[in-house]
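What follows is a pair of complexes built around chain A, which joins chain B in one and chain C in the other.
And then the complex of A and B:
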């Protein structure tokens, strides 16, 4: 059955065509995606700085990270603190907004656009405006607090406030995303379930708890993981608003990588921090994929 | 009857409450933009008036002319535009061809190789930036705009494009491609004459997502670029705000100018924009 031309079977020619078409992307992908990961793991086991070429030191960087680096502990805690504040607030507000908006009503498109406007804005510009609003002297937030007889607060150079403020700024910027994801999940719940439940006399809370929540739980879970990953990648708002400070009170993973590599020029050590962050995100993504795979099989 | 009116009244209250909540949140989200624009129209002395004027009596455009003396705004704008356009174009081109091969050519090992590409979605840009800096330094690409192009086209951006386009190409009937093959059309011909024109909506998703991401990207420009003439808009803006200190009228003018271009595009095709962004979340 196999046709032969130029000494190749049809199957072989198909393979060659396929490989030829994916090869530009494959070469670029190996060079600029796989190689950096390998180089990162290699550099993380070297004592590479601006002055010293890479020299292999085994796991010394990791040992130092976890046993003898208070800044790394601060960084890890700040990132976790950010995540613990951000994720529940984001999930609850977005779910609430989605419940308000998923049924068609006058102006729904308008509100959706407004909700998404900060999301499309660059984080640098958004954070700069909020930095201005949070100024101690003549910043609008302190002025408004003054109208109510409250004393001005030093928001920006304040160890206790640095992370919570970046949470608020990030939260307001990102509301649109998860809200839109939840809206599309809510619209997928078959209306007939609600009708049946209503006939059985279920109240609105019981309908929400017994129908809505289970039906959209996949979307909630996927959004949850994505949101946590997002928290571990926070950078621009910290860079603009607090520069990690005061002291190290708002150092987060990516900021610590940035400072280690490009202020202290310890590239080896920065690669070790990058590898730790990479592993955390890898585990989170793997969980997300595993769970989704299970759901996909379940659905079909 | 009485029961009915009380339900109707309850519904009315809920609707009113709904609008109140949504309007409040909208005001909260839009106010920073208002404040940014208003401050950029105030003079340098008006900035220090206490309490700050919510509705300034005098407005001036001199901040913008002064800004152009301090900041190479149009240079940054051009750099951002160049990086975003080049990346969008090449991602559609290269990941389009690759996506076609994965969707329509039954070569051996294609599923495993595709998973190998998908693994790239797990690797955040922030993580590989230090090793990339090291590698780009070796080939003399640091402080060149191509450092923001090539690694993105073949890395995070390209993999996203590949994922979205392959998903769409699979839905195009095989018969269509086979008929074209029988008529003597090459595979590349099929990509450009049949598959791509049918995938306009998926391509728009990839372009919007890529463009917006490249336009707003801050971390890589901060690390790869050092000469001012290479800065992209977010980097130029951040650097200007670091130097500008309390010259808030100028900093806000710069922020306004940096924000306007993408928001204009967003408002022109908001539905497609929101869908594209949400797609990256659901992927």
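And then the complex of A and C:
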């Protein structure tokens, strides 16, 4: 007679060990990431203010957002405008700097440090410094313009300049990170490919286009996703430099969420804006993920 | 042996400290015994203010056997912090409020009544300015105590006036000629493009987005931004559009008035006049020109109206020690403490405000004349408290955005007035 085995099978025991190993991370992720997202989606369907308890109102907040809130539409456009200006500039400049600095030459460490230092500086401190540089009176930029006989410009009170100035300030601070990612990728490209291509008579542009770009495409893809998501989350520099103004010309998503939640105390409505932002980032990431196979070269 | 001696010394010191404590507590029996309860008082400010108030509360703590904890937050984040704490069930017991945040707290039912103070003979509630205090009595319940009230002071660079051979605003005031037209006339004469000097700013230089400061100008031009109970916007009429047009012309046609965002500071000596808070005078003690401040001017008919900012004490009804919290308010807004604080906060107790001690307090600028004009003449003429609603932050932000369109020159004053009307009415309705 076959003895019935009691207890867990080996597979079950292995699975259990696995679950136990990932449980600290999984519990933390559920508590601090998934739960707030679920609560946010629930709150987005309420009229919750700090002053009064939540009352379920269905999709009213979303209807108002898309049909009766011009500030939201301004905010959406400003965020897209910021992203359209920032991402190509950031990718091109970082790639260019990485190509200049990935090879070892005398003093390269100094230049890499100089480039990376702003990245580890607090955005608030960085934005305060730039706010002073852009001041109308005695701001360094206007002082320099004055040396060339140019009239001072009221940079921070100009609707057309608000977003471009934020882009410049953010760009100068953030160049270091993507440049380091690209330098690391460039250093990993085997020299043998370049030598073989040179023997076949390939020029420098051809080597860059056919070897360098495909070989670092994974890093470009990573940097692109991170940079686009970063653009949608821009906040501190707007808060410090322009407070969303003049008028709503530099309102971006996170600033509008902050104002709605912590100035107007409309947590329900702010949750609706947050949910829209969450969905936009989710869709963008999904699109990029879906198309990555077409243009990302995987060596393996 | 040394260790034993050290231990004995420590023991003796500990015993002597205990005995001092016993003597101290035996000296005066507590007026009321709150059993060592902790009362949290929230206010805006910095650590200097925290230290000051903690010092002032020491006597109260002994007298009432309780512990008063002072919490200070940056003014810009104050309402958010206190509301978040309160909504989370961890609010303070006593709060400072401005007139702008009062409706938000009152409407949410967060404020406990302090009716005991109205009938307390020792407290002398009647000493508070009646017109001011009445704003905070709701349905017969006293919900807040206005402990300070500040009208807008117009700071002026007296050196610029004298160099241009003009009479100073103080001289004009004494002659009864300090009117809006005269102010604009002076501003025009003092504007000098060659030196980058502006005659006037109509908003505070420290916070040009604080557009309610402009209400003084709008009122003097015979217009109104809101109706009396701030439920309707009234700027979109002939007088309102004319007032906005006049402001626009001062900035862009005459160029005598600073466009907000230009960041011309008074300290630079390149700004002849600007409206601000009386306390800003502390920043100008070491400038290399003569200055003073005065009230904003009267309208051309000679009628003076000035806007007043008020700070209040309230007790949150989420407090577990409401009685003790009311006693804290009674103590700190009582005659003695208000006198103690009158160098920092302009008192609203009539007896203190009218005292020679307060009116002649400053040895440096502004002059005693400035104090008398701002705190006696202005209150005797006409004061209006800043408008406030339960959603004031939203109204304020909307107003800032619309004024930005005027400041960037992207919209005509008539369009601005129409936008004020539609936007504000949607928010106030």
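By definition in this document, the second predicted complex is superposed on the first by the 250 of 300 C-alpha atoms of A that agree within 3 Å, B and C clash if a C-alpha of one lies under 4 Å from a C-alpha of the other, contacts with A are read in each partner's own complex, and residues count from 1 in each chain.
One rule holds for everything that comes next: contacts are C-beta pairs under 8 Å (C-beta built on N, C-alpha and C of every residue); 3 or more make two chains touch, one makes a residue touch a chain.
Computed from a predicted model, the values in this text were never measured in an experiment.
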Touching A:51, do we find chain B (first), chain C (second), both, or neither?
-> second
Contacts of A:76 with chain B and chain C, given as first, second, both or neither: neither
Exercise for review: May I ask you to decide whether A:85 touches chain B, chain C, both, or neither, giving the answer as first, second, both or neither?
Suggested key: neither
Practice task
Scan A:186 for contacts with chain B and chain C and give back first, second, both or neither.
Solution key: neither
Contacts of A:65 with chain B and chain C, given as first, second, both or neither: neither
- [ ] Could you tell me if A:216 is touching chain B, chain C, both of them or neither one (first, second, both, neither)?
- [x] neither
Max touched-residue count on chain A (chain B vs chain C) belongs to chain B
Subject >> Partner chain(s) touched by A:157 [first = chain B, second = chain C, both, neither] >> reply: second
Look at A:35 in the shared chain and tell me whether it touches chain B only, chain C only, both, or neither; answer first, second, both or neither. first
_Contacts for A:239 in the overlay, against chain B (first) and chain C (second): which applies, first, second, both or neither?_
first
Dual-contact residues of chain A (chain B, chain C) 262
Within the complex, chain B is touched by chain A residues 11, 14-19, 21-22, 24-26, 28-29, 31-33, 35-37, 39-40, 43, 97, 100-101, 105, 107, 109, 111-126, 128-133, 138, 140, 143, 146, 172, 175-178, 180-181, 184, 222-223, 226, 229, 233, 235-236, 239-240, 254, 257-258, 261-262, 267, 270-271, 274-275, 277-278, 281-282, 285-286
Chain A partner, complex, touching residues on chain B are 15, 18-19, 21-22, 25-26, 28-30, 32-33, 35-36, 39, 48, 50-52, 94-95, 97-98, 100-102, 105-108, 110, 113, 117, 120-124, 126-135, 150-151, 153-156, 158-159, 162, 187, 212, 215-216, 218-219, 222-223, 233-235, 237-238, 241, 248, 251-252, 255, 258-259, 262-263, 266-267, 270-271, 273-274, 277-278, 281-282
Listed in rising order, chain C residues that touch chain A in their complex are 80, 83-84, 86-87, 104, 107-108, 110, 196, 209, 259-265, 268, 390-391, 393-394, 397, 400-402, 404-405, 407-408, 410
In their shared complex, chain C is touched by residues of chain A numbered 50-52, 135-137, 154, 156-159, 243, 245-248, 259, 262-265
